[in-house]
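What follows is chain A paired twice: with chain B in the first complex and chain C in the second.
So, the complex of A and B:
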């Protein structure tokens, strides 16, 4: 189905609606609208695999926080939400929610929810949250269509819409249930870019205004807006350097920057950062440069003498650069302009994070990308991308320069961090769509000119509507027909492989909610592990309401959202020291850990353990990061103490510190009595494939409170201190 | 714990008292001579690391009476092993020099002559290596003032103590000798003179560059340059080069089972070897460029036979490349991607 739509030009050219007696233009419009409609629906339903295979629920970790805040927003109203101080997380510090989040996603979902209510559709807010991402993915396909139309032609727009609808790089973050900022942010990102390109093309204030508001929406939704505020100035700079300065560019950029900045500063989490932090300085510099350009233009207009102008030019430009440099230097030195944040810095100097910020380096989606991930997420788009680049350079305009720059910068960043593949996806889809569309159009028009040699006048139909410059073919070449057919077959084969790949990947790889785990049994049947929710509901129903739960930060959001209990740290990693304290507790001996836990008023400790089921992303495998993060703040924790010859082991050869630290004890408590696999000794850890080294674990200050049915989550109660006599 | 500490401090007190006592009994002149000689050797050597040979070892460490007025930190070096990069000898030697230079910069007065940094080289002082009982490198040993036997291994620096290079070495020294080394002062990447020259050059060049830009006659106005740059960035990204740089992946590995065989492709997603990424990136680029070439350049060629031939070659090469990449991807990730047919068809 997707393959058919991925190449609408062929459909256009071979169908004829003579019986309906529509004019050619009307036929084309009808086809275009219906194809777009189908793509819109396809983008939505392809993302419903997760609901079909599991159930309608929120996925992963961060979405649980978003869900919790949305629930709060719909129940208490906007002002309560804006001023919310959350005492249930980051105990004992708490967190000011309104000032430390990007509210765009929650507000969007709440608006949809209120609209549905107003229309008398009584849905639960959870369903709205689950389906927000697919809905916005559908909208993205529309934007992609208009963007493609803007930079190339309608054909490319349609192909781009079809490609992005099922591209795994985008689906990975927008399946039903992944209620995360990126779900709406990619839509906002593409919309901003589209409106800006349109503004540069037309020079109209209204489009520039539109892009400023698009930017505002993006800022309200995701921290990735920094990419926009750096890419746009870079683009303007390139246009200036290559001598493409124009009044249109001046209007578009100034309006977008000034208005966008003012609007962005209304988001509390961004606030004055927008004029103070180093990440935003490029935009301001280019803004000033634009004024210099405009001024020079004006002076040139006033002065008729060219020699005088040359002298003037030299003086102005040199002094402008000097003043700018001094201002930047003074600003940075006086602390008025803050230096770059770690995440941003690690993009420019990729080895930075690994050496300096373990908390960024520890997250799996911040790892550098191997070629197989690109292949997995883009498939044939990677082959088409260079061809698309070539086509863009063949027909250079302000719009194609933009898309090329967007594609290249985002591809570079995608190489640095796996998660940024998402940002590159729209660009890759658009550029590949240009390649597909231009190729197919060339070939089909070639075929048709052959068929209709007598009636040459009528060939200017649907296929070659706008880009007459593309048809560079001579008339009399008998070979071309065969060659064209062969190439066409090749292209269609590729596109159908793409459709197959995307469907499979969506269904098998990207639809897992990761809070419910699925595995294949020995007979090919599906086994579901629902241990996480079992544990969280246990917490909710069996512990006092003011109980504090300590766990590694990955599970913080889920515990607060589903277990409704206070946590020490959660996935918002704003306070490194606090996380390091938990890391230190987990990697200390039990009595030392007990002191730390007492000081934090911890009542329960929760660990995730995959030794019984073979679930590999459990706390033991994350343990080295706890040591690293803990050791980064408390030098008493040293990584080599937990390693044997640089190797991380849990069996008999493990280091004594490892075998007796809190995390090891909590994970493997009473595990030594258990037979996990036939033919193996007791205490055989299936996740790491070894027999554990310490089977006789005695707990002194903690006691087992609850272990879920597959042992994935284990909860321990911290005993109160013993009475002193 | 507390008892341990008290015991330790008591021992220290006793030992220092005894050392003072013995120092007063031993010949003070010869001691200060040795110290002065070491200090003068140090002032003549680069970053304060004294190069000792067998003679120096026997003079300063063996023949001198045991409560010496100084400690010596010895770095064991071997030029013949410099080619083995996994030992990191040269890097560690540089870091050792840094610690020494920092110690010199941060101490003056009496503490300065309590610790000397020395190195001995294997080919020229083999007997010293035997005396120290060193048979594996890298090896750094602290010979404290009271160490009587050189083969006493208690002063050996652990693997973990130079894991974090100069910083952890300094910690080790501070712990053992109770002297302060201070924060490590690394030389800046570019010296001040270099920076000022670069800045001056940029300032001078700016007006000329701007003039050329305004005239529109720079390389920047050449489409081909931009195009090749763009293709290069594309190739650079999709080949996973950033992965290779960040993870410091080698180009290929040696097969564990058969040392003569080289492994170019690593099975398992999320990891890759250098050559593997480049090979695949090359295949991507070739197919894309062939497509552009066939649809844009080939159609202008007049000769039919040439056209046919090139077209055929392009088709065969592209389909082979696509097949190869898809096959490799399936092999690497272990996924079997298949279409979903309606169940009634099966």
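So, the complex of A and C:
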């Protein structure tokens, strides 16, 4: 959009200075570079809202783990990092960090950090981590530009860059401080796709090589690489079926797959999974299929007899399918090929996790997407997308087929899981950009041809109308100039609405770090609830360094990163039994829970409680998940025990088991003495809007160690066992 | 033990009754007021010293028991001349001194008179000495609802190598609650004051140990380590960064911390804890921040004034006995207020030593003055002894690094907040080094892009 505004001024100014007049090619380059530069900066600064509204800090949950590991990497070096056995989490099991994480993000941040230090910019590693996501978002806009240029033209590339720079679907995961794998992964994803499309288009080995390295970067950064390794073969398959097989495709895919596979296997977390697990089998299958295809092609070339070839074809195809099927069957049966993981299943069947894996279903970002969030994250792109598809189908090529497939598959996944909106965003932006660019180009060239027919050639290079003559434009259609102007105004109105919407969403919805909560006071003043950090810092400073803290897994990463204490479970939910044990302790009576806690050497228990402030994502509201996950492993815990007529309540009508379980006691301990709201009885829970059912809570084996100023975090000390006489 | 010390001291005195010139002086009257109202013990000692020898005396000794000498943060002495209305105070030179024959490891300070004290002459001295870590909590651990009781151990009579004709000692406690005090007749208590004496004609090295057990709920804010870094930028500002490691040095907190009690019955609950601190910062301070390892702390207020600025802030959580908090305070002040040019062409920084927090003890203070890149010959001038060292620090766009003058002192109290100077030579041309580097870097980028646009690298002409 900035492109369209800037173009007339620059052109005019270059006309007025006759001596400085640039050649058309140079003008175009200057325009393009300056627009891209502006978009680059825009993408960066739009993401700084969070720093402006709050502070330069790491957000949410997982980024804290990433930050902690990055810190370790910069302090101890790469080999220590690679061999790091972390005894501070998953006590008493520990976690092999080097072998269970995607190191791309940390290595990227560390490299940036080391480069800056080399250039004598002595920044703190935290600032680097905070700004990694915006920096890579800016880089993504560049890739989007080149991608758009590849599949359509420069104009579409510029629009795509502008759209993706501020698209809320992407901003939600890449604001400053959101130091998560996705921050660099979307860049890597788009880069891989772009390079692959380029490779298919040119048949050049170097582009294929580039895409293999892009893929390697993606694998090193995020588990979402599985999407690439399934989409690319699918795309190849579609090309094969539609008869678009070519030598270019053969070179591009084989090079990318073989090299990409070898590189990906260097990442310890992936390793041999890349050739053994079910999710990667499609790529291998297509690889083999391609060889068969090529072989047949060769045989066909050698045999000039069609009949003979037909027979040969039948025999080869049948035997190939047979061999493949047997290999797959034997592999699966013998366990050599591992079956699909739960997360992958739940992508294909949205109801799978709900029934089988509560730990996946309990995460809010794994829920199916609501329509409103599509509208929220895409805004006008949602109806520009079909229009873009129309244009793509109208000018079908290898590249447009790819973007169409990318768009449709990722949109499906975005519908299954909220967080995957992110993966779909680049495709949606690109396709919408095609729609915008093609429409605007058609309309403007219409205007121009009507005005000054003989001069079309001279103004050809200006702005985005460079290659407009190719676009289907029916000269004979009696379009009125006014109609075109009205439509143009409409497009610009929509685009400006989009810009306003994006800014608003970024500043209001996606810039909260969720560690610090902000609310409006009665007089419109801003109230900050900084209880999380208060509690974590208390733990860090005032507990023994070897203390073990038990909490629900959501807070594990934060406790280890900010509190610097050992936790029982954390957000890397690799051991379901361990989490279930914690869930069981939380949902048992105190003396039973005490035995569990003793067996886990727990010194402190941390719970999050929103009853005083009305903060609703607290442990009481998460409690049913603890029961479900605990009950999934230990059948002693039964969900109906905590419900009354299928209803979850904490007031007088709650079930006796609920009123006396550990979680209830720890959250509401001495809460019954407190008046939280004027005109309400004591012990009025503001998060749930009820008066609590058990006001007289006595703790036998635990004691209150610390409660934050707004009661959001409560920490209890586990007492040593009393002497038996 | 203390009683034995006393007997021993007297015995030593008797055996050495003929030694040194110490006997040439005697103290006619000694009055000592010991302020126990905060955790920094301040003692004001008024001595009237008379020369009874034949030779003029140039200096005199102040003696301290070994238990006090290691906690002694500062000793100052003033000579008082003139009558009641027109008193003139003259600061005297006080130096720690070693005496080879010190009984029971007593420590000494040597006070040099302004003019030697002639035979038969008398002079009045005001001595201020400050003790840290001298209040011992008892009971050692208290719960949230208890108030804090402490022991203070001292002598009822002033320890001195000279005979004292007449003396009195007053202890001022913060509240009227005094559990007990050792009685050395005549001794009595009235309100917040305990009076020992007057005692007549005590021999040198007399010692009468006393223990006062009283309530003291003042904030025992002890900074275990403070690192202050003052970075001089000749482009117009001083950037000061202070790293604190604060602890509550009083009776340790025991058992439960109850938020209900703490917020609803604030007067009786957690009375020995503190959650607010006050830092006195220079006037015209700007860009103040208050944060710790995990981010910004939002509970602070800044009031700027003409003479000083006050930063009122709270740690993340209230500090109970034994609890710790670390945090960083940073601010910037305009350069022209603190950097001057000496007559010999050198530049000097004139800044305040010590810790900006009021009523706190700093166990270990490290002050780093980061001079601009290219500075030479640094030297520091301070009114008291500190450890000095030189380091090199690399900051933004540094190539050879900046010289850092490191000043280190233990046991610092607010009375150490006095100006000090750091002199260095600096050529203004060095100021341009960094901007020129940036300019050349940008120039290089533009030239490269210029070249890229104009050079055609294709082998085959299209």
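In the analysis below, the second predicted complex is superposed on the first by the 679 of 725 C-alpha atoms of A that agree within 3 Å, B and C clash if a C-alpha of one lies under 4 Å from a C-alpha of the other, contacts with A are read in each partner's own complex, and residues count from 1 in each chain.
To be clear about the criterion, contacts are C-beta pairs under 8 Å (C-beta built on N, C-alpha and C of every residue); 3 or more make two chains touch, one makes a residue touch a chain.
Since the model is a prediction, treat every value here as computed from it, not as a measurement.
After overlaying the two complexes on the shared chain, residue contacts for A:203 are found with neither chain B nor chain C. When the shared chain is aligned, chain C comes close enough to touch A:122, but chain B does not.
In the superposition on chain A, contact is made by A:439 with chain B only, not with chain C. The partner that reaches more residues of chain A, of the two candidates chain B and chain C, is B. With both structures placed on the common chain, the touch criterion links A:368 to chain B but leaves chain C unconnected. Residue contacts after overlaying the shared chain place A:278 against neither chain B nor chain C. Contacts of A:57 after superposition: chain C is touched, whereas chain B is not reached.
Common to the chain B-facing and chain C-facing surfaces of chain A is no residue whatsoever. Touching chain B in their complex are the following residues of chain A: 241-243, 313-314, 317-318, 321, 350-351, 354, 367-376, 380, 382-391, 393-394, 396, 404, 408, 411-412, 414-416, 435, 438-439, 442-443, 472-474, 477-480, 483, 486-487, 490, 494, 497, 500-501, 503-505, 507-509, 638, 640-641. If you check the complex, the residues on chain C that touch chain A are 255-260, 263-264, 292-298, 316-317, 322-326, 394-399, 453.
Residues 158-160, 163, 206-207, 210-211, 213-214, 216, 220-221, 223, 226-227, 230-231, 233-234, 236-243, 245-247, 269-272, 276-277, 280-281, 284-285, 287-289, 291-292, 294-296, 299-300, 304, 307-308, 311, 315, 318-319, 321-322, 325-326, 329, 332-333, 335, 337-340 of chain B are the ones touching chain A in the complex.
By the touch rule above, chain A contacts chain C in their complex via residues 26, 29, 55, 57, 120-122, 515-516, 528, 530, 533-534, 536-538, 540-542, 562, 670, 673-674, 703-709, 711.
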